[in-house]
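Please read through the structure below; I'll follow up with questions.
Letters A, B, C, D and E mark the chains as written, and numbering starts fresh at 1 in each.
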Amino acid sequence: MTRPARRRQRVPLPLLLPAGLGLLFLVLPLAGLLVRTPWTTLPRRLAQPGVLTALRLSLETATAATLLCVALGVPLAWLLARVEFPGRRLVRALVTVPLVLPPVVGGVALLLVFGRRGLLGSWLDATFGVTLPFTTAGVVLAEAFVAMPFLVIAVEGALRGADARYEEAAATLGAGRWTTFTRVTLPLVAPGVAAGAVLCWARALGEFGATITFAGNYPGRTQTMPLAVYLALETDVQAAIVLSLVLLTVSVAILAGLRDRWVGVT
Amino acid sequence: MTAPPLLDAHLVADRGAFHLDARLRIGAGEVVALLGPNGAGKTTALRALAGLHPLSAGHLTLDGVDLDRPDRRVWTPPERRPVGVVFQDYLLFPHLSALDNVAFGPRRRGADRRAARARARGWLDRVGLGGQARHKPRQLSGGQAQRVALARALAVEPTLLLLDEPLAALDARTRLDTRAELQRHLGAHPGATLLVTHDPLDALVLADRLVIVEQGRVVQEGDAATVTARPRTDYVARLVGLNLHRGHADGHAVTVGGLTLTTADTVRGDAFVAFPPAAVALHPTRPDGSPRNVWPATVTGVQRHGDNLRVQLAGPVAVAADVTPAAAAHLGLRPGQPVWAAVKAAETRAYPA
Amino acid sequence: GGAGDGSSADTGGTVTVFAAASLTETFTQLGRDFESAHPGTRVVLNFAGSSALATQITQGAPADVFAAASPATMKTVTDAGDAAGAPAVLVRNQLVVAVPEGNPDRVGGLADLARPGVKVALCAEQVPCGAAARSALDAAGVRLTPATLEQDVKGALAKVKLGEVDAALVYRTDVRAADGLAAVEFPESARTVNDYPIVVLKHAGNPDGARAFVDHVRSDAGLAVLTAAGFQAPPSR
Amino acid sequence: MTRPARRRQRVPLPLLLPAGLGLLFLVLPLAGLLVRTPWTTLPRRLAQPGVLTALRLSLETATAATLLCVALGVPLAWLLARVEFPGRRLVRALVTVPLVLPPVVGGVALLLVFGRRGLLGSWLDATFGVTLPFTTAGVVLAEAFVAMPFLVIAVEGALRGADARYEEAAATLGAGRWTTFTRVTLPLVAPGVAAGAVLCWARALGEFGATITFAGNYPGRTQTMPLAVYLALETDVQAAIVLSLVLLTVSVAILAGLRDRWVGVT
Amino acid sequence: MTAPPLLDAHLVADRGAFHLDARLRIGAGEVVALLGPNGAGKTTALRALAGLHPLSAGHLTLDGVDLDRPDRRVWTPPERRPVGVVFQDYLLFPHLSALDNVAFGPRRRGADRRAARARARGWLDRVGLGGQARHKPRQLSGGQAQRVALARALAVEPTLLLLDEPLAALDARTRLDTRAELQRHLGAHPGATLLVTHDPLDALVLADRLVIVEQGRVVQEGDAATVTARPRTDYVARLVGLNLHRGHADGHAVTVGGLTLTTADTVRGDAFVAFPPAAVALHPTRPDGSPRNVWPATVTGVQRHGDNLRVQLAGPVAVAADVTPAAAAHLGLRPGQPVWAAVKAAETRAYPA
């Protein structure tokens, strides 16, 4: 897209004011945390053994959950955006269920399905000897469940915004629906997929309720940063703040390091 | 033609309140131009042929194969039709280079990457854009983009080639080259071609036959000579630059409105009479002499038209007359002025309506 | 804020009580009892995790009474100088082994939890039930690797209930409140009792009402409600 | 946008399979919950006095939070998408902070800023006599804080996807940046704003951690459905499931009732 | 003109590797057509005038006001320029009806809603779309959309009107009407008009003066008569349909390549010589008689060109010749065939380079 090359960008006040307020609203609480950070004891707290493990586990599971969401969520979004089928409207609303469900209840629901006695879990256990609760895979599953709606909704929006006539052009050139999807549609909505994946990743990174309920809390196996933060909160608010800041710093650094790629600047 | 035409279609389709119902036959190697005013349904017809718009009735047979037959629930998806399309607004894939846009079709039709690119390069060279192969569509000017779109559609060497205004965005010079290129390609390839265009010159140069649609219906068709000589609707008449009137003929006399025009041709019954604006001579007073058709008229407008001036006249029949600037100066033409119009019988053409 | 007229000597107005989530049922009952005993007074209850409540109080939350589930969380409030006077122990709670009804794995004591094939959920050591479990296990000389270290009793209980683990170390009151579970008592639990402290807060808007409420819950009638739910009376009584 | 009017929609298996799996993954846990729902005692449980109050409060606060997010977030998204300023990349990454921050910590951070003893809160209290924690306004604030990133990211994506040349056309017709924003840009990205608002609303509706920490848990004032679910979980998982289903049913009904409006079908 | 021109601009701008450096002056009421091949920088120039692309140097003065002066850091945002633009690809606001699209400008320029709509309705009627006022842009055909865009730009009655191919997508009939409409409007309005077009006919009919750009530079400008009579680049020559050669003149003789052409005009030094393809006669053998310029040539290509055939010839000079089909049949023209070309001195034009 061509962007306007206006020489001097005058930003109108009715836009600048709420934008500034919005930014302040998002950033001030962070400042509140920074003010309360125990800077003197910070190095000691960071050096504690569990911190790095939890951080690594968080990043790994969030990334794995995002990949799972992309693999399943992009086709689902495509289905919702491009194929008319009865009940589509209901399906679309159902996609938002994990968003509205309190995460702890989501965890319970996952246990009811994938747990040892669950609908599918008992079968998985009996047939393959696979149990998901209390494993790292369970963490990924819980995070993916909670984060997937973000991906699906973002990608569906991008698909609807994309001009479907490009897909028609591809069809006249001999591309079937699958080739059109991979060669034309996906590249066209890549910015939307990236934005959705970022939302998804960030949400997975911060996931707590479903994870602890479904996968439990065991250091090195299922204890992600948010779980460590919650436990720290029980005894020591400052320790929780330090852990949160570590999580935030890493994620902001990663997102800022992605440049503008995730918002569709090519 | 005794052999069945390569394309045999009866396109019936709806688009909102708009209804299309048109028959189209195109022989092997034949180029048909589809002309019509804005909103006549040209793009809709083209989309129906490409499989992008469903037929509600009728049929579409290409090379003996029924691609579309709503009554028998037969339908072929666009990607399985041997059809190439140049779209009115390009639709170049923005994420691919010009080269990869052109290579897209050959790739999908089975060529390997290297072969597809080689073919694409050849086509880009032919449309004069060999140097822009690596450019993304947004780095191309409007006309360059159109030429890439042309190359992309030609690169799949389709049985039926559909072009929606392929030359509209080209500058006069490139247009000439590309038109010649297109003509050469169309001459060489054995398939059928349908060309939607607004430009009568494109149609006359490129097409073997003209089909004119208005409001979703075919109103006239035939080769360039017939259509230009014997327009049957106002639209066609203006397209080919003729004054056209419908009246009742009785031998050499055709009565149009309150006026009876004497014509060289002999017709009886409902008839058209046509004559070029250049055949209308204007006089300040009633002329004597040979022109058989003379009537008083009033100037309603004067516009420059090429080197001449085109004068709009009201009177028993509304006509346009082309006069030279010198003649106009002599007559002192301005709106409201009364003049005498004269047309020689030899310059009129009459034919049954 | 729900503060009433602080200068008045009667208990009229509103008493705002911040209470640990595990007191939800008992304090809801006690609040209702108190209201009928003191017409014109309203008890507003705010239930959440003790530590969240402590944070809210130290950040100036308008509360009159704080009932915590552990002395440690109470300590953060007293250390911040937000308590009026010393906290009193309201009730105590004791660890039990929660097992599914019918005790299918035949758990008889702590030692059975270390049997192979028995999955156990414990609380994390940062929360009172986890610390208590640790000292009970140490006292019994049992070493076990739990499947999970839950953030609270509720989490551990839910896992027993849904069959994800075979047993969990939780408080007696929690097992009592949940259906489908049975409690297995064990001797080491005597050493691991957990105190629930209660205190009137310094910045109480209705200190008289607050004191009256604390007196009410610590009265015999109040304790009866609490012990009915499985809590133990404090040792001083 | 023109959508392809292909007669027979053949959906390629490599798309249908993951899409179906994705849908199953999102919907199965819900089925798990339904299986466990105590249908016999359902009417009695639903008739309990607190349920309706909490539901109404949830819907009201989530809607108010969404409005707040739209009012502040759309201008912020515009700023990020259309104005180049130093540090833009960092600001964009900072917008995701509430997403990654565990919500309870978010609530603590809000207390540190807007609490009676907080950075701004003490000033607000002293100057205007306004206290936000433990009020319904506080619930709105907490929900808005947690939900705003969804709106900002969705709208920024929509803005970047929109053809900025329409804005140029508006400028040549005499529209300043503000008029262009309200008359051209906003209508063009309306589907994106709607999708963002839905994400935002759903996230606000499910918000728990920040709300209970910042606004407390007062029935009728700050006890939203997720808080009620949390308390119910203390004693009775089935009650919690029932409450969650009520929340889900209402939100799915509302979203399905919006037709396709929130995904940009016009 | 002795009065300073309404628009006085020296546009220097960069777009990627492309560099534009063009001077433009347009008087009050004057219509200037900007012509050039694809990618010449026409759109870039137009965007610079509208304030959508920054000048890197030069200046832009409209009606005595400096709108752009990079050296003095003066710049006026697009919305404050009294400039109206018709964009090459319409850019109709998709969420507004045709009527509201047209009313958008008047509304922004201070008219109240009712007045703006009334004005818009008038403009829609004038472009023949009164019936489509409530349609959204996606319900309009390509040409209808273009006409709405035209109406939208005209509705603000700007001091400087910029049109990027305003008639390109119109069908021949509507084009004639809209061209006449446009001509009437341009004649009536006191501002300056810059018209980017590929169609020499549009340029000749609508414009008072032609400015031709190639590769970002102005290569020729002047009124239609001068430009058509004396093209100075290949592009212009093909635009106006002339053979053009550059050589060295010495009186009536111009030496081009290995050939010396005799011309009617007298020039000395570097010179152009131009003649129409129709002036080139072809003969199977060396002709006797009047034509002074005769040379042997080889046919390289033959295309239909209107009613005639256009023959491309190689030889001492490469030229195009137009012959009638009858003549072509007589000559039996095909590529590779040797012929003799002849041009009468009276049909050539020579002028200093």
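By definition in this document, a contact is a pair of C-beta atoms (placed from the backbone, for glycine too) under 8 Å apart; a residue touches a chain by one contact, two chains touch by 3 or more.
Computed from a predicted model, the values in this text were never measured in an experiment.
Chemist: Starting from the defined contact criterion, work out which chains touch subunit C and subunit D both, please.
Modeler: Chains touching both subunit C and subunit D: A.
Chemist: For subunit C and subunit E, what is the smallest step count along a path of chains that touch one another?
Modeler: The fewest steps needed to get from subunit C to subunit E is 2.
Chemist: Can you pull out the chain pair that has more C-beta pairs in contact than any other?
Modeler: A-D
Chemist: Using mean Cα positions as chain centres, tell me which chain lies farthest from subunit B.
Modeler: With centres defined by C-alpha atoms, farthest from subunit B sits C.
Chemist: Nearest whole angstrom, what separates the Cα centre of subunit A from the Cα centre of subunit C?
Modeler: Centres of subunit A and subunit C (C-alpha means) sit 35 Å apart.
Chemist: Using Cα averages as centroids, what's the distance between subunit A and subunit D in whole Å?
Modeler: 14
Chemist: Averaging only over C-alpha atoms, locate the centres of subunit A and subunit B and give their separation in whole Å.
Modeler: So the centre of subunit A lies 54 Å away from the centre of subunit B.
Chemist: When the C-alpha atoms of subunit B and subunit C are each averaged to a single point, how far apart are the two points in Å?
Modeler: 87
Chemist: When you check subunit B against every other chain, which residues touch at least two of them?
Modeler: If we look for residues of subunit B contacting two or more partner chains, we find 51-52, 77-78.
Chemist: Which residues belonging to subunit A are in contact with no fewer than two other chains?
Modeler: 1-2, 4, 10, 108, 111-112, 163, 165, 168, 171, 176, 230, 233, 237
Chemist: In subunit C, what residues contact two or more other chains?
Modeler: Residue numbers touching two or more other chains: 52, 55, 158.
Chemist: Note which residues of subunit A are touching subunit B in the complex, please.
Modeler: Touching subunit B: residues 1-2, 163, 165-166, 168-176, 179-180, 183-184, 187-188, 190 of subunit A.
Chemist: Flag every residue of subunit A that touches subunit C in the complex, lowest number first.
Modeler: 108, 111-112, 115-117, 133-134, 212-213, 216-219, 222-223, 227, 230-235, 237
Chemist: Subunit D touches which residues of subunit E in the complex?
Modeler: Touch residues, subunit E against subunit D: 50-52, 77-79, 81, 83-85, 87, 91, 93-96, 104-105, 108-109, 138, 152-153, 156.
Chemist: For the complex, which residues does subunit C have touching subunit A?
Modeler: My answer: residues 49, 51-52, 55, 72-73, 76, 121, 124, 126-127, 146-151, 155, 158-159, 162-164.
Chemist: Could you please specify the touching residues of subunit B with respect to subunit E in the complex?
Modeler: 16, 35-39, 43, 88-89, 139-144, 147, 165, 168-176, 180, 183, 198-201, 204-205, 234-235, 238-239, 301, 303-306
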